[in-house]
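Notes follow once the structure below has been shown.
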Amino acid sequence: MDQKKLEELLHAVHKGQLSVREGVHRLRNLPFEDIGEAMIDHHRPLRKGFPEVIFGEGKDAEQMIMIMERMVETQDDILVTRITEEQAKAVLKRFPQARYHPRGRAITLQVSEEEVKGKGVILVISAGTSDIPVAEEAVVTATMMGNRVETIYDVGVSGVHRLLAHREKLMEASVLIVVAGMEGALPSVVGGLVARPVIAVPTSIGYGTAFGGLTPLLAMLNSCSSNVAVVNIDNGFGAGYIASLINRSQEV
Amino acid sequence: MDQKKLEELLHAVHKGQLSVREGVHRLRNLPFEDIGEAMIDHHRPLRKGFPEVIFGEGKDAEQMIMIMERMVETQDDILVTRITEEQAKAVLKRFPQARYHPRGRAITLQVSEEEVKGKGVILVISAGTSDIPVAEEAVVTATMMGNRVETIYDVGVSGVHRLLAHREKLMEASVLIVVAGMEGALPSVVGGLVARPVIAVPTSIGYGTAFGGLTPLLAMLNSCSSNVAVVNIDNGFGAGYIASLINRSQEV
Amino acid sequence: MDQKKLEELLHAVHKGQLSVREGVHRLRNLPFEDIGEAMIDHHRPLRKGFPEVIFGEGKDAEQMIMIMERMVETQDDILVTRITEEQAKAVLKRFPQARYHPRGRAITLQVSEEEVKGKGVILVISAGTSDIPVAEEAVVTATMMGNRVETIYDVGVSGVHRLLAHREKLMEASVLIVVAGMEGALPSVVGGLVARPVIAVPTSIGYGTAFGGLTPLLAMLNSCSSNVAVVNIDNGFGAGYIASLINRSQEV
Amino acid sequence: MDQKKLEELLHAVHKGQLSVREGVHRLRNLPFEDIGEAMIDHHRPLRKGFPEVIFGEGKDAEQMIMIMERMVETQDDILVTRITEEQAKAVLKRFPQARYHPRGRAITLQVSEEEVKGKGVILVISAGTSDIPVAEEAVVTATMMGNRVETIYDVGVSGVHRLLAHREKLMEASVLIVVAGMEGALPSVVGGLVARPVIAVPTSIGYGTAFGGLTPLLAMLNSCSSNVAVVNIDNGFGAGYIASLINRSQEV
Amino acid sequence: MDQKKLEELLHAVHKGQLSVREGVHRLRNLPFEDIGEAMIDHHRPLRKGFPEVIFGEGKDAEQMIMIMERMVETQDDILVTRITEEQAKAVLKRFPQARYHPRGRAITLQVSEEEVKGKGVILVISAGTSDIPVAEEAVVTATMMGNRVETIYDVGVSGVHRLLAHREKLMEASVLIVVAGMEGALPSVVGGLVARPVIAVPTSIGYGTAFGGLTPLLAMLNSCSSNVAVVNIDNGFGAGYIASLINRSQEV
Amino acid sequence: MDQKKLEELLHAVHKGQLSVREGVHRLRNLPFEDIGEAMIDHHRPLRKGFPEVIFGEGKDAEQMIMIMERMVETQDDILVTRITEEQAKAVLKRFPQARYHPRGRAITLQVSEEEVKGKGVILVISAGTSDIPVAEEAVVTATMMGNRVETIYDVGVSGVHRLLAHREKLMEASVLIVVAGMEGALPSVVGGLVARPVIAVPTSIGYGTAFGGLTPLLAMLNSCSSNVAVVNIDNGFGAGYIASLINRSQEV
Amino acid sequence: MDQKKLEELLHAVHKGQLSVREGVHRLRNLPFEDIGEAMIDHHRPLRKGFPEVIFGEGKDAEQMIMIMERMVETQDDILVTRITEEQAKAVLKRFPQARYHPRGRAITLQVSEEEVKGKGVILVISAGTSDIPVAEEAVVTATMMGNRVETIYDVGVSGVHRLLAHREKLMEASVLIVVAGMEGALPSVVGGLVARPVIAVPTSIGYGTAFGGLTPLLAMLNSCSSNVAVVNIDNGFGAGYIASLINRSQEV
Amino acid sequence: MDQKKLEELLHAVHKGQLSVREGVHRLRNLPFEDIGEAMIDHHRPLRKGFPEVIFGEGKDAEQMIMIMERMVETQDDILVTRITEEQAKAVLKRFPQARYHPRGRAITLQVSEEEVKGKGVILVISAGTSDIPVAEEAVVTATMMGNRVETIYDVGVSGVHRLLAHREKLMEASVLIVVAGMEGALPSVVGGLVARPVIAVPTSIGYGTAFGGLTPLLAMLNSCSSNVAVVNIDNGFGAGYIASLINRSQEV
């Protein structure tokens, strides 16, 4: 559309129907969206392989389905996060081709061909068993974005030898996502063992002074390992997303 | 410059040196700044009468003077806030035409003709004598931006009759700026007495649980008067600025 | 009543039934409410066109209806905020002339003639779709108070071109209300594009470190755009109210 | 009991059955409770007219009744606070002589004769209608402890003339309890109008940055009126209790 | 002045120079301050014996002296709090009749005759030796306001027998001021031993999680003794002030 | 298993099938778990008599039972904390040999012979009756870990004589666990009476500024008694656990 | 003294100079300190070997010396904490027999014979080199209280192998003090490696969101190792003190 | 050393001087550091090109020089952060080969050959001029770690067109570091414009409710752009470090 407007304008200039001066004036006063958006959105196509994401919390099954229907039309890959089992059932009934990930509380509906775009392995580590839903949200996200993903669960710092037993796996990963609640110490320990970027995800697991994840968040931000960066509490999706970007080669 | 580029491009299209298709392509790929900025910055001239502001805190006199020298060249009105007496002396030595406002801890250097742009009166009210520097920062700002400004100081809520004694003045104001530390109750009381917008400014005055202005800030955000909006702690400048915009007629 | 008392007193003085000295004494000792209230409340009539507001949260339908019945007698315009669908039904049954605004979670019952009192347009902008209920609360309020209101929704800062596409609308607004949760960055960006007052409304949308709206609130208070003032979290009503006052000319 | 033990010991010393040295030893090694408690608890009888209090929140009706049954045996006056209507019904069924105060969410069971022990009037003031339950808790407490109690409700600071209308009542009170949520400004204003002690009670009324009563609490602690002291959020009972002590003559 | 205006108005009505109707109109439109202030300030004379207070922190000696000079003219008793030794010297040089209280960091300049207005004894208790300056601020204030004041210092709860040793003194006090930093437990223990009001003052003594007095403040607000009310951190003056009001008989 | 790998390797070296150099290389590159874990876990057997713990909160009865079934196979003693009555019933149905502790909200399933491993007595003290569930969690834990445990409940600091009445018991304890909500003052008072370690447990009992246990936590961390260390809010289990370790003789 | 009073009283009863009734009366009314303190302070002699402690922060050298002079008279061992080098020099000049510990910022003046009272070894571990002053404060305290103390410094969790290298030492310690700033993860890791009590000390080392030690404090309170208890930020003294009590046998 | 021990042990096994059984026993009981460290530290050599870092804050020039002297011996590249001009001078005097970066408040002493190890460009963006020191710390770090680094400064969100003008540069970067104080909105806007990872660095720039960087930190954690991860306040070094790791190919 905007392309068409530009063409018409230039044709008119070309034919002399519009003076150069008037052309400049019109160009500067064309509704911004027409030119501006055209220019800015060059990077849209770069986004191929990025799922469209629906944050499920606070939405009912009907709303989700309605949004998904619109997306399916545009052939987008879809990721629904924070979905309950009940909601998942309703969604699957409508989209039998979708896939439900109960541990990661997510639904994926992949239209594009699955293709490994990331070069290395994304390793997702969780401190406790209660942190697994957040970890799995990261796994689902990173897998959908075309990465090989591996996991090590239940290797909290109070039994540091359990973590050390996986040294090989740690050393081979390209990016590491470390998910922990309570004192949030695991990213520091992991960060000290590897020479790759660590994305730390605090979880709201814990009680009392865990303050719904504030404590592990603060701990992670103060990590004595310099290769640790942090995302929001329980934000497994975000961790999987940024880890995918890190794992992609620059050429993409 | 950008205007020139556009002209050249259109001339080339006009003369057939450039096909329409190529023209469209080039337009879309012109460095963004050339078109983009040209389009976005239409509102620059609307800014006439807005001072360029230097936040003085943490800058030494030399730095201020250097920045001011650049601004003076472009014929901007200049407002320096949070300046100490000592710094002010150094600045005045270099710019004898500048004016120092000791109570408002500010320096102004006005190049444009003074002209009243605001329709009504901006009334600046402070709860305690210690709040006056912040109130005066608002006064200096609003005055420089072309408003008639009046003040009522030291009318804290523990002596509510002192405030009521100024009922006439309160009723006549177009916009009210209310500056208070400690329990920050004054904007609620003032807001209940007038039917005009009240900009509340919490100050860091107080001790103990005043928490450097957090307490009056929270109080103001919870005002039971619905005509109160709030700016940052000690932000007399911001209050003066937004009050000026409110006081201006839309035509400006 | 108080008027009557004053008349009686003056009649008695006039007829000599009461000495001047005694008259002065009585005037000074008349129960305060009789004189005081009479004097202070001169500005009541100025309030014409201001709705009486019922904060619905925590009240059941019966309580709302009871309060509304009293108000209807005094011919006030009524605005009920934070109402659920269920409560709304009960209220509408009793007051069929009322109007329910589901998106804004509000009911209005307008007795006065609708009349545009505001000079310009109030533009309400929201960052995400989840922020819309708060934005609509502002819309309902400002509309009821006699303003032309326009809206731009779902223009969060992670897609800044979507906002820029509405540049014209932004430039033409008289006052802007910007509603955002999460990082609360939208008011700063909008504030930088316009030369008019921006009322920022943080919402409790988000999770983890959004802290129920504290994060966008703090961000808005620290806006690098000087034309931004802030109201309480989720306070769409307050934003609509103060924006209406800003949009009114003083004569009203 | 302890008195008896002491007597026996001294008798034995008197009769020479116990040497002085042994007597000293035994006295020093008597279980502490026997002597210690006897000495410390002299002030028990001073407590006459103080209700025994049961904090009802989190207790079911059965538990309350069980505790009350024990207390009734010892002829104590009983005050149950934070009780729901449902719980109240169950309690009243078991203790028909008890009295339910629905607005104050309390039950009283007074065994002692009602007698006015306080010299002056305790005036309980609330800012909003939502603050009334907390205010009534103070009223019930202070009444039960033998005070004349008066109330002024719904005189928030956004309509300061409503408060001023009650100037006479304010001036005559012996102690004032001021209950307010939101910005918590009322105690400062009241405190500035009287020369008597003001007990301020913040309430959890409000939303967003009211933070469950933290905001009015902080405001009250920072009151610019020096005659204001503060109790915990929603602590109407505590305010009524301490106000009663203030109102009592020292001789009691 | 206002009295004069009222007289003139009534004379005019009496003489028929002014109709009753016009009189009523004028009365209602007299500048508020003239009538309003006259009515509200009836309680001024009640204030006799209340010191005028200068908060010394952040003021230099010159400023203090200037303010004091104005006050001395009006024959007010003056209390300067939070004064350094150096500032005190400068003030004493100018006002040799003033008295410096080094432990309470205060200066008093008493013009009125000293007279005991309080009926009982105000007992000021401090937990640690570091809390003494705040305790002494309360002592100076209460003494100046006409009370007999006694003190017990250094009786922290980690040696509860030290406190119990003063049982007699505790039982005889009319009002108690309890000053404590760190865990702020002393008011609860004292409150449990007496049947009189306890004013608790948290101090900023402590380190780490004492958070500048926030910890003792919170502890005091949550006291399990119901006769405890709290003032701001380090607010010895406020505690002395309100304790004085409690100790005064109502007739004063 | 790992032992076997080591043996094979050494046999091969012994037989010359593997050069020393290659042996060193292999040892260094053996999967870490094989050697590392063997070395690190020497202290496992020291753990005899430590229960395996299941944090019940957020788990349903089925999950608990599943985990318990696995543990029972390995002959571990099991402690389930934070269990509801309903969940307890389901668990007991499956494991009739388990024991439910309703006051401590725990289930124990002890396989090892009960044996007193601690030398002295662990004394558990609670301030209020509402703190008892947390105190009992400590009791159950410490008892299961082989300690003699005694309790003193309902000895809050507002009636300090109630505590002093138990002086003998206090003096005889080897370790003390002090559980308190509200102002959290009890550990300081107890700590001042004994010369043994005190483990303080803040509880979430209280309202308003108790902030879910934050206030007693802060108070306990600032204890003026130097023999107090603190665990997380409501963490009765942790207190019982560490007290058990303190009470054990070093030889274990 | 109190013993003498008791003897006199009993002698009088024995001789019949005082009736039993009067004796009981006098006993009950003897100033509390005489009996009460005698009874309560039985545990004083148990305190032998506990240093008297002066918290140096905020005291000048003169004040310290004055307090020390009083203590020296009573033959107490003295520990001065948080002392600067300058202050230390002044103290050493007056008390040449005292010993300055520059790394632990402490002075000790030991009068009692040095004697090892603790049975095992107290191991003090620090995460970073900046945490050493706090660790050394614990070392000085524990050493003075008669313990063998060993240290491992600079074994932060980002290099977990550095810690593991000291496994033997960790396993042999009787009590462990773990000092850490930043993310405060070290106590969890250490706690997972040993079966002995761990006293965790958060330090104010760090910047930004370390919040002066709040972050490691919270992390330590949420430790997933159950054998961790926590003291105040930077409270090396308290950690050394309670560790000493843990290390002592009860008989001492 | 450890290698030698292993060799000796295997030689002894080979020669039959040590039985296999004894060999296994010794291997399992070799001091952990000897084997453990050897195994764990395989990744050391991977660290080539990582600077050793000295956090300068709180250290004097002497201390820095002492630490640097030790490092120089081991041929490490050295980075000193948070250094003042004065300290820098002293360091440069001792190490003339070092390089001082005044804007980044850092000193570098590079021993290894400079070599570009990163594949793409790291783009460092700052919102305000006051954020530049933190941004430059990231620049110095990333440059030293072998990356091509570019910068865009002073493109705050209140002038979003200034940022858009650099669209090309944004699109070409491999990793982006975005540094912002105040409302911290820039990373969200930048994140929405690129499809690469964004490391956000909050700065302590701002006043009042900026709370020393807490506000931008919270805003960044709640970014509506999913490609944003966050490091500690003012942690330019950490951002530069992790960005370098992201920019490196895995093979390095």
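So that you can tell them apart, the chains are marked A, B, C, D, E, F, G and H in the order they are listed, and the count of residues begins at 1 in each.
To be clear about the criterion, a contact is a pair of C-beta atoms (placed from the backbone, for glycine too) under 8 Å apart; a residue touches a chain by one contact, two chains touch by 3 or more.
Just so it is clear, the structure is predicted and the values come from calculations on it, not from any experiment.
Asker: Same residues or different residues: which describes how chain D and chain F meet, taking over half shared numbers as same?
Answerer: The interface is built from different residue numbers on each side, given that under half of them are used by both copies.
Asker: Based on CA centres, what chain would you say lies at the far end from chain F?
Answerer: Farthest chain from chain F, going by C-alpha centroids: B.
Asker: Which chain is most remote from chain E in terms of Cα centres?
Answerer: Between chain E and every other chain, the largest centroid distance is to A.
Asker: Report, in whole Å, the distance between the mean C-alpha point of chain C and the mean C-alpha point of chain H.
Answerer: 50
Asker: Averaging over Cα atoms per chain, report the distance between chain D and chain E in Å.
Answerer: The answer is 24 Å.
Asker: Show the residues in chain E shared as contacts by 2 or more other chains, in ascending order.
Answerer: 32, 36, 39-40, 160, 164, 167, 193, 208-210, 214, 217, 221-222, 232-233
Asker: Among the chains present, which pairs are found to touch?
Answerer: A-B, A-C, A-F, A-G, A-H, B-C, B-D, B-E, B-H, C-D, C-E, C-H, D-E, D-F, D-G, E-F, E-G, F-G, F-H, G-H
Asker: Inside the complex, what are the residues of chain F that reach chain A?
Answerer: Residues in contact with chain A: 31-33, 36-37, 40-41, 57-58, 202, 204, 212-214, 217, 232-235.
Asker: Quick one: in the complex, what on chain B touches chain D?
Answerer: Answer in residue numbers: 127-128, 156-160, 164, 182-185, 188-189, 191-193, 206, 208-211, 214-216, 218-225.
Asker: For chain A, which residues count as touching chain H in their complex?
Answerer: Listed in rising order, the residues are 39-40, 42-43, 46-47, 50, 53, 119-120, 164, 167, 171, 174, 193-197, 199, 217, 221-222, 226-233, 237-239, 241-242, 245-246, 250, 252.
Asker: Okay, in this complex, where on chain A does chain F touch?
Answerer: On the chain A side, the touching residues are 130, 160-161, 164-168, 207-210.
Asker: Give the list of chain D residues in touch with chain G in this complex.
Answerer: 3, 6-7, 10-11, 13-14, 16, 20-21, 23-24, 27-28, 32, 35-36, 38-40
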